[in-house]
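Look for chain A in each of the two complexes below; its partner is chain B in the first and chain C in the second.
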Partner chain A sequence: MKAGELLARLIGGTLLLSLYLFLYAPIAYVIYVSFQKDLNWPFPPSWTLAHYAALGADQTYREGLWNSILLGLGSAVICTAVATMGSIAVLKYRSRWRALMVVIFLCPLFVADLLVGISNLLFNRQVLNLPGNMGSAMIGNAVHCTSFAFLIMLAQLSRYDWRLDDAAMVFGARPLRCFLEVTLPLIWPAMLGAFLVSFILAFNNLEISFYNLGAIPTLPTIAWGSLRFGLGGELFALAALVNGVVLGAFAVMYLLMRYRVVSFGHRE
Partner chain B sequence: MADFVLELDRVTKRFGDVTAADDLSLQVAQGEFCALLGPSGSGKTTLLRIIAGLELPDSGRVLINGQDVTRLPPYARKVGMVFQNFLLFPHKTVAENVVFPLRMQGAPRERQKERLAWALKLLRLEGLEDRYPNQLSGGQQQRVALARGLIARPALLLLDEPLANLDRELRKEMEVEVRRYQVELTTPFIYVTHNQEEALTMSDRIAVMAKGRFEQVAPKLEVYTHPTSPFVAGFVGHSNKMSGRLTALDGSRARLDWQGVEIAVPSPARAGVGDRVDYFVKCEHMVLRSPNDPPEPELANRVPGVLRDVIFKGPNADYLARLDNGVELTVTDAVTMPSIRRDDPVHVAWAPEAGQCFAAAG
Partner chain C sequence: MATEIASARGQLSPEARFLLLALPGALFVVTFLILPMLSILVFSFWRTESYNLIPEWSLDNYVVLFTTPTYMTFLLRSLLTAVAVSMVALIYSWPVAYFMAKYGGRYRLLLSLAVAAPFFTGVILRITGIQGIMGPVGLINMGLMNFGLPPISFLMYTPTAAAIGIAYLFIPFMVTAIYLSLLNFDFELLEVAKINGAKAWRAFFEVTLPLNWIGTIIGLVLVFVPALGDSITARFLGGPNAASFGQVLSLQFGETGTWALGSAMGVVLFLVSSFVIFLMWRSVNLRRSGFTGREG
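Right after this comes the complex of A and B.
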């Protein structure tokens, strides 16, 4: 009995470990290499920060970083607003078409980024007569990221008690006041989650940004461009940094939720 | 018109095939405590939401102090409401919750403070101002919900099963308290409940609802003692129901063949000899007698049986008597009453007029 339990735990543990390896080994390897002198065969390790220094010295990367942050912020604001409105509409007003509404919100998930990018470019130029610029890149990315933001909002808001809005209205709150006084203070953690995820997705996006931005560089477009001239050390450093920031953001979010600094809905 | 704080004028609301409110009219005066009593699904909560403005009626009008508010949104009606599950704002403190209606009305700060102090004192919430709802007991949450409902001096207070989530002890206590606040403030209360004890303890008048209709609207004593429909007779209080056919009609009295037992009943409206009727007698309006007791002329119905069980209920007990025709009657009486034991032969006796007889539906 006891030996059987031990064996089951061993198998389970190994399986879990190999799953994590499958998911994270490549990323861990890139981070490891970014600190190594020899990029081609970094064993045994010989540590250096030279690639990071090179990255910091490169003006193009700095410009790209700034553009990526701008793009991420803009898209995230659009996504969060649209996803918040959409999820409230679906959950609060229990229409019999709600299942269809949800599916339509989620469909962009299944369209390739490349297609979203090209479609946006064509539509903007031929129908709206808009040039490719930061604004259209934000909108193009928002098309894609809204689906993710919507999913996050939907999962979190399903725990919200909409009768609280009834209570606020009966006690004299007009709809906007009701939203600001009652709904928003209770759903902002969900909105923050949606904002973070859409920021990261837009920040990291290559295809949509590439088609809509033209010559304006972002981190992913620069990285992709410089790939054609071989793997530079600063690319490893860049990948490591971006991953580090993203994982760091999630770690902070997790800790905040774990220790109830950010809680959602009813305080119980 | 303005004599009534609330007037419902032929209010109707349908949800698909279900008629939740079917041509309902009701008037509630200043100082009145009116209970809407009915089983779940009877439409009482829908009616309350229509009064609050959270639901728009398909037809009919709602008037508050003589003003037609049918199309007014909830935030323009100035009614107070106490919700089921309280619905306190979880991110606001007790004080912030209570003062919320005044803030929404844009009352001056001084007045907010003054009214807050008044409400906290009235509901004995002093010292809890800075707590959050999750740090309060059920009874305290209930009182915060009441304070929030009353602080802005609403024209009327709507209460939607506010005691349903409290345990029995606390509910008894709150019933008395809620009634006390209502008497003190003279604000009319409309109180939705499925619990007849709550309705009977607190209200002045009871509107009994079933399937979106008012079965009876009357002072509570009248609803209890003189139900005007078989539904009310069966729903309010604990009754024995006896069904059968009329065998004779003689002025105000009729005779009923109830599963082989002949009993006297008051003559029902709209029923003749041979018609099926339902006869309801409250359990406490029946008494147990020993077979040797002399007959009493006012207890004209007297049927023999055997005492099957005694269910002790504190001051009273339910005596279950199995009659010779195999049917059981429940008699509620003082515990000390008869020196009769289980399996003893007994007689169940009652006055025919103690019950109500209705033509059976269908």
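Right after this comes the complex of A and C.
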């Protein structure tokens, strides 16, 4: 190996390691502190589960957890459905509207959360005459997640062989039956990936949920309220738990992809 | 063949099927993203009175916005922060993504998922984490104080702290976008360039970068847009001297209830980010970057 390439490897590797340090040091520290009695200077360690007990006993957090799950499920169902249909349309059929549809599906990526939140708030209130509620928050989050779900579906389905569907049609299957019996069994991993990612995004969203939920609490809005009063023990416990669940979900995705159960758009 | 079968059975044409499948999603986005954005454009020309929008058309909100020096300061500060963060993220992410794509080998997937995963915990809990490290009672400053050293003042409620926070939140987007682009890039093209006598840096700027420019632009946009619209990082990490445009925008929807002015701010925020996206998109030369090496 030449000196130049060695240097390139060395620099790239060092930068990647520092990026991991930058990204994971706060997460590791949050998890560590969540088990400590002294939150400000937890050295030497004195372990406790008190923060988790406090978090579990807090009625607001329990209510927030339930609302966040509901919100995540609702949004994930909506955007997995529209993203699946949209990605099949774009990949399977030629149409002069194709480019336009792709642009529409991707444009939520280019609008900041804050703007999605406030514009939906005013639109619902002023034009549709709807008060802020779980439904409008689900819709607001689903709009934002649709792009992510769509991209995951596109990446995963780009190598799907649509002739399988044609073959089923030749043998007389109706479109719905063809979808349920041929397409769905093959594309469910992509749909699961899109569903998981949109669920996690909506579950953890702050700004869109905040402006559309009225007085209904979710975990991120409660965490926001509590962060205003500084870092409390239950906040550390919550952050540790959510990080644990998200990293766990990614570990599962990694194993599924590594052992070729699904690819979520990744190629070797 | 499918077409013939379809028409023989009196079914829909491919065009109709396309629309049947794509329209629900497109209408969904139009109804709950584009129409709301258009509605705040309309409201930005109205006025607010005791938490109600009054349809009396005027340019007052924009006049207030552009003649109040503090609002312009906030806008300029947000713009500068967003540009600075995007640039730093861009320069940092390229070697990282390049390393993952070229030398990652069989660990490539693990390396790239590990970059993306932290993003999904959500803004507020990630800020909690970064406050645990950088905040006034965070690891760094408490550690320094314990060893009798003064705290690092630029980490406590300054614009720099806010910028670090924003970079922390959105750098995974940049690395992932460039990495995905490089995944489809044929590194053998570089060998060809070298055989033809190009130095490494020249091969990079004339082959690698142009062919991955669209991925790079997508990364830039995905970092720039949320960085410009940031309100939470500035509030929790930035302190009084780092108040961002997004932060005053969100105030209009909180205590003050001046929705019309807030709508005008939203419109300005959207126009500024669209303009920057437009400038970036103009730098794309489709003939040079449309083809990204190996097919599928």
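Simple rule for what comes next: the second predicted complex is superposed on the first by the 237 of 268 C-alpha atoms of A that agree within 3 Å, B and C clash if a C-alpha of one lies under 4 Å from a C-alpha of the other, contacts with A are read in each partner's own complex, and residues count from 1 in each chain.
Assume a contact is a pair of C-beta atoms (placed from the backbone, for glycine too) under 8 Å apart; a residue touches a chain by one contact, two chains touch by 3 or more.
In this text, all values refer to a predicted model and were calculated from it rather than measured experimentally.
Engineer: Considering only touches as defined above, state whether A:V182 meets chain B (first), chain C (second), both or neither.
Structural biologist: In the superposition, A:V182 touches chain B alone.
Engineer: Could you say whether A:L192 touches chain B, chain C, both of them, or neither, answering first, second, both or neither?
Structural biologist: Neither partner.
Engineer: On the A-aligned overlay, A:I216 touches which partner chain: chain B = first, chain C = second, or both, or neither?
Structural biologist: Neither partner.
Engineer: Between chain B and chain C, which makes contact with more of the residues in chain A?
Structural biologist: Higher number of touched chain A residues: C.
Engineer: Once the shared chain is lined up, is A:V77 touching chain B (first), chain C (second), both, or neither of them?
Structural biologist: neither
Engineer: Identify the partner contact of A:M169: answer first if only chain B is touched, second if only chain C is, both if each is, neither if none is.
Structural biologist: A:M169 contacts both chain B and chain C.
Engineer: Just chain B (first), just chain C (second), both, or neither: which does A:D161 touch?
Structural biologist: first
Engineer: So chain A touches chain B in one structure and chain C in the other; where do those two contact lists coincide?
Structural biologist: In the superposed arrangement, which is not itself an observed complex, chain A uses residues 166, 169-170, 266-268 for both chain B and chain C.
Engineer: Okay, in this complex, where on chain A does chain B touch?
Structural biologist: For this pair, the touching residues of chain A are 161, 163-164, 166-174, 177, 181-182, 185-186, 265-268.
Engineer: Which chain A residues qualify as touching chain C in the complex?
Structural biologist: Residues 4, 8-9, 11-13, 15-16, 19-20, 22-27, 29-30, 33, 39-41, 78, 81-83, 85-86, 88-90, 92-95, 97-98, 101, 104-105, 107-116, 118-123, 126-127, 139-140, 142-143, 146, 150, 158-159, 165-166, 169-170, 175, 197, 200-201, 203-207, 211, 220, 223-224, 227, 230-231, 235-236, 238-239, 242-243, 246-247, 250, 253-254, 257-258, 266-268.
Engineer: So in the complex, the part of chain B that touches chain A is made up of which residues?
Structural biologist: 52-54, 73-75, 77-81, 83, 85, 87, 89-91, 100-101, 104-105, 132-134, 148, 152
Engineer: Going by the contact rule set out above, which residues of chain C touch chain A in the complex?
Structural biologist: Within the complex, chain C contacts chain A at residues 1-2, 5-6, 11, 14-15, 17-22, 24-26, 28-30, 32-37, 39-40, 43, 53, 92, 95-96, 98-100, 103, 106, 108-111, 113-118, 120-133, 135, 137, 139, 142-143, 146, 168, 171-172, 175, 183, 200, 221-222, 225-226, 228-232, 236, 246, 249-250, 253, 259, 262-263, 266, 269-270, 273-274, 277, 296.
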